[in-house]
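Down below are the structures I want you to see.
Heads up, the next two complexes both have chain A, just with different partners, chain B and then chain C.
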Partner chain A sequence: MRLPKFEYLEPTNVKEITSLLKKNADAILVAGGTDILPKMKQRIVTPKFVINVTKIEDLKKIEFGEKKGLILGSLATLDNISKSKQVIEKFTALAQAAGRIASPQLRNMGTIGGNISIESMCMYFNQSHEWRKGRPHLCFKLGGDRCFVAKGSKECLALFQADTPPALIALGATVTIVGSTGKEKIINIEDFYTQKSKKVNILKPTDFVKQIHIPTPPKGTKSCYLKMAQRAAIDYPIAGAAACITISGNKCKNAGIAVTSVGSGPLRLKEVEDILIGNSITDELIAKAADAAYEKIRPMPHFNISAWYKRKLIRVLVKRSIKQACI
Partner chain B sequence: MKQLIELKVNGESYEAAIDPHRTLLEVLRENVGMTGSKEGCDLGACGACTVIIDGKAVLACLTLALDARGKEITTIEGLAKDGKLHPLQQNFVDYGAIQCGFCTPGAIMSAKALLDENPKPTVAEIKRGVSGNLCRCTGYTKIIEAIEVTAK
Partner chain C sequence: MDKYSIIGKRQVRTDSAVKATGAAKFAGDFLLPGMLVGKILRSPLPHAKILNIDTSKAMKLKGVRAVATGKDITDVPHGIMRVDPLPPILRDKYSLAKERVRFIGDEVAAVAAIDEDTAMEAMELIKVDYEELPAVFDIWESLKPGAIQIHENFPGNISTLTAFHHGDVDKAFAESDYILEDKYETQRTHHSYIEPHAVTAEFYASGEVTIWPSTQTPFYDKVCIAETIGVPVNKVRVIKPHVGGGFGGKGDVHSLFPISALLSRMSGKPVQISYTREEDIVSTTRRHPTIIEQKIGVKKDGRIMGFDSKILADGGAYQGISMVSIFVMAVFQHGPYKLPNYRCDARRVYTNKPYCGAQRGHGGIQPRFVIESMMDIIAENLNLDPLEIRRINGLHTGDITLNKFRIRSCGHIESIDRAAEDIGWKDKRKKLPEGKGVGLACNFFASGPGFSYFFTNPPSHSGVNITAEEDGTFLLYTGSSDIGQGSETALAMIAAEAIGLSSIDQLKVIAADTATTPMDLGTYGSRLTTIAGNAAKMAGTKIKDELVETAADMLEANKEDLESRDGRIYVKGNPEKGVTIREAVQTRFQIKRIPLTTVGYYNPPADTGDTSGFAEGKVSLSPTWSFGAHAAEVDVDKETGVVKVNKVSAAHDCGFAINPLAVEGQIEGCVSMTFGQATCEEFRTEKGWTMTNSFLDYKLPTSEDMPDVIPIIVESIDTEGPFGAKEASEGANIPTIPAITNAICDAIGFRVRDLPINPEKILRALEKKGGEK
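On to the complex of A and B.
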């Protein structure tokens, strides 16, 4: 499959990205290209301009300081994040999530900014042009009038399956977005997602993600991300769960729990956190918390995975991730 | 509009006039004439097009040729020296890790990137290192064996 024709632009600094995005409507940013180039080959997106941002070295940084926390430039590769000593030590869930994405080659190319901004995936959407043309109706995500995931659904139900967002939510990350005026906006990563499959995140066509910041976790904090997939590599999760637990004086002082691949966006499970916070962590409490996760989520069946299986799996993953974060 | 670019492949420089929408894989195969890197799925799932750019194994089918300007590109053609196969290539042959041969260039490039970074990998690390390369003849055991022997 060939890429569609486009005009190629190569900015050398952050300011230039904003001006190029403003000047050229129908432009798309390409960094790793591992998600967008296949979609262009399949003619799902056919932009007039492609803006290659990989020459901007500033955005590739992975910096850590006790006071300022962890700063990840949006172009930091998933491989570098998963192998960074400080990330492994202090932000374990993120290193685990980044290290389980796709394959070594794709991790060398893919960036954290791209991974958090990834679109939802669907077997009725991520297909070749010929495949889609052969079907009598289009789905919501392609501008049509129906959803093939669940018959009769009034909205798109494509599944959000990125690995790093639940880890970032559990760790309390914030995202810096640069808007069309060049002004920076810092938001909690949870607010970055709309929980709607048709447009997963709040980015406008002229916005881009500049960096991600995670505050240094307090003493006694550990985190863990667990992913269940059909294959060990090159696969999206059937379900994934991240837990970040702070223990102080035998009691759970703070908790962050988030799951992915169960709906239209990564989901923070406040109910589960509330069960843990303020109590000493015992096996019974963890089981109660996992049951709360099981009750909270409302997954749709996707591919050959039933909703029933997903809910049971989330219960297990939440339980194990909390346990591992407490060891 | 076509642009004149210079690519540094296996230590030698090549010039080509190309459109911006051409991938590195297309340019390597069609303009440079190196057909060792294979086009499998062309969507980033199979690893048959793996090349090494600046020391990292990446997929040529998802790299824009314009983006590869000024970078050090190594393909399967760059491994054999003076008519003698690279130890990895020789061991792939000796241990029967080539069946139909289509995934072999990609698997060898992944293995090379792994051994360059970690000369003594464990079996688990080898499996992880070549996990991005699908072999539809399913000869994985032999591929892992060949890499293990090379590392010794």
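On to the complex of A and C.
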């Protein structure tokens, strides 16, 4: 499949990104390209301008200091993150999530900024121009008037499936967004998401993600991300769950629990966290927490995965991720 | 000294270096001067009449050199099912649709342009007026009285029917102590060869055309292309380049071949068409999905009394080669167990979906999943060992089946024993903790078809010529098609052994060029090692005989006393007294002044079955048969339903392993393909739209998913195959699925009756068993 025609731009610094975005309406940023290039080939996205940001070395950093915590430039590759010694030791869930995305080849290209900004996916949306040709109706996400996932749905129900967001939520990450004036805005990663499938994040066309920050976790903290997919590589998760648990004096002092591939965005499960915080972690408590996750989520069936199975799976993954974060 | 110098040894393939370095040229790699890019416009509708096609705007686009539609081809439909007694209406498809389209992806028009972007732009400018027709996507809908007829010549939308009755099945059931009736469903899968379909064609001013297609059957392509574009057969030359896998998916004649020739003729330039992966998955063929209702009657001791089999296959929009698919689903049930009585009714139904054809293990996969599952259930209910029931019913060397298949060699029992031993059957079956289990299943497969469904009177099933060079090296010409399985290496080994060479380096294989190599029917039905191999052996033996005669003169010895081996011809028992092959060739050229070329050929023997007709299940199907058994070990995660296949011990009776390295590779490849079908692959459509049209959505297993595969070579030394060899590339595809499902049943007590085995199915079964938590 061929890419559509576009004009190619190549900024060399962060300021230039903003000015190029402002100057050129209908532009997209490309870093690893693993998500956007297939969409361009399918003619889902046909931008006039493609801005390749990969020449900006400064955005590729992975830095850690006990005081300043972990700073990931938005262009840090998923492979580098998954293999960073400090990330593996202190931010285990993130290393696990980054290391389970797609395949080794795609992890070499894909970036953390790209992964958190990934669009929701759907069998009726992620299809080629050829496939769509004879369709009498288009779905909401393609500018149409209906959703094929559930008949009669008033809104898009495409599925958010990125792996790193639940890990980042559990670890308490923030995102630095540069806006059209060049001003930086720091927000909690949870607030980065709209929980609407049609447009899953808050980024405006002139915004871009500069970096991600995670504070150094307190002593006694461990984290874990578990993913279940149809195959050991390539696939998006059927479900994924991240847990970050801080134990102090036999009690759970703090907990971050989040899941992915259950709806329109990554979902933080406060109900589950509340069950854990302040208590000693026992098998019974973990089971109760997992049951709360099961009750909380309301997934839609997608393709050949039923909502029934997804809920069962989330219960198991939440249970197992908490257990592993407590070992 | 080993019995053989070359065969039976692990031989690196002749094409390894060019493939490892990327130098090998595939159909889409050719770069000819002035070459254009061809693209095919496909139907966006599942069923419609074509009212009008307006190509004028596309023709006017700068850079467009030709636009073709159904009007530009002859009225001869393409397809390879054509021999009497097959009715000609079995060919139901045109390379470019004439009046009607029958599935989303059907070929409607084609464009040749200076580059791909221009060709794609031109396709948008072709205006096709359709009158949409009602479409059927479900076989039950299609079978309903009054349903829309997809092809006028096939009433009731039945595309193919095979029905036969051997013995007396009703009486057999009446005399049975135990009867099991069961129902299974299998899914559509796609071959997923790494190289999508591609072709390069060049039409010359002389009126001749050369085509380099990614194909398994160049000699069939030649005829079909000639018929479609309306030129004499001898004006078409098909040269098979390197092929990146076919697995049956490149054994039908696909539309892009005649279309490329047509576009080249219309434009006066070479034309290349390379399918995108999406185009390939949507528009080529795939394995038939089936619903099989099977009845098996046995005596108390497990002896089979009879099978009654009802097979219903969803064929999709066209016939393709499915007459064979349906036929083999019915007749491959004649082994590996001896059947005293057998009735089968197999039907294929048209629907408005991408159509089905052959895939590795053709027709063996679906009924074998059923039978091997049911053998385990019967064993369980009669309190028999699953291995024992398979042993006591097994065919033996010398047996003749109900439909007169000859069993010339049989490694059935050895395969069972060795697979069971390797998996640790005795210590594991029914002894592993809940959630873990082992299972075993057997197979039976043809070593090449004994008939041609294409040519009424082929010169032979396979021809091989060998010519001596002046320096004592040789050229081997074969029409057979190596599509990645290593058959050229096997033929070189067989011929080199027959001549008495010291290495296959002394023999160069020139293959699959319809203008220069002798005819071979093609790569399908696992035929090359047995059939082309016999031809190569004959040609090689004739070379040896000629050279031994020369050497006898040179050595003043009796030719009966001479042996040709390791590059020398010498007196038996006195190896010092001899000449080199090179010396023999050179002396022969000096003395006789005639070229040394031999002709080898092979035709399957006439004693291999009743040949009175397809529909009655009577056809001379194969010169000889392979056997085998796979044993699998699985772990089931009882909380998620995920099945992890840890190991597959795959024993395969290939008669004699010409190249053990290649046989092992074939066994591993076989397991990989059906492991995928068992656990994750499923070609899905929704209202005619293909939903699984990429390798993201079509779940081909990755290397990280694969179980450990232990290939076990069983050698039964066949009397018909060259040096005892039988097939090794499809039979080992067949028992993997039931071995895995039988292991799952051992692990959790749940019998999988439809494929693929997804975690949700397993979890639902576990919850049903344990009560909802």
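To be clear about the criterion, the second predicted complex is superposed on the first by the 327 of 327 C-alpha atoms of A that agree within 3 Å, B and C clash if a C-alpha of one lies under 4 Å from a C-alpha of the other, contacts with A are read in each partner's own complex, and residues count from 1 in each chain.
Here, contacts are C-beta pairs under 8 Å (C-beta built on N, C-alpha and C of every residue); 3 or more make two chains touch, one makes a residue touch a chain.
Here the structure is a predicted model, which is why all the values come from computation and not from measurement.
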{"item": "First (chain B), second (chain C), both or neither touched by A:52", "value": "first"}
{"item": "Which superposed partner A:303 touches (first chain B, second chain C, both, neither)", "value": "second"}
{"item": "Which of chain B and chain C A:130 touches, first, second, both or neither", "value": "second"}
{"item": "Partner chain(s) touched by A:6 [first = chain B, second = chain C, both, neither]", "value": "first"}
{"item": "First (chain B), second (chain C), both or neither touched by A:234", "value": "both"}
{"item": "Which superposed partner A:108 touches (first chain B, second chain C, both, neither)", "value": "first"}
{"item": "Footprint overlap on chain A, where chain B in one structure and chain C in the other make contact", "value": "1-2, 5, 103, 232-234"}
{"item": "Chain A residues touching chain C - in the complex, by the definition given at the top", "value": "1-2, 5, 103, 123, 127-128, 130-131, 133-135, 228, 230-235, 303-306, 308-309, 312-313, 316"}
{"item": "Of chain C, residues touching chain A in the complex", "value": "42-45, 104, 116-117, 120, 276, 278-279, 639-642, 680, 682, 684, 689-691, 693, 695-697, 699, 701-702, 704-705, 758-760, 763"}
{"item": "Touch list for chain B against partner chain A, complex", "value": "3, 19-23, 26, 42-45, 47, 50, 56-59, 62-64, 66-67, 110, 113-114, 127-129, 131-134"}
{"item": "Interfacial residue positions of chain A with respect to chain B in the complex", "value": "1-8, 10, 30, 32-34, 37-38, 41-42, 50, 52, 54, 79, 102-106, 108-109, 232-234"}
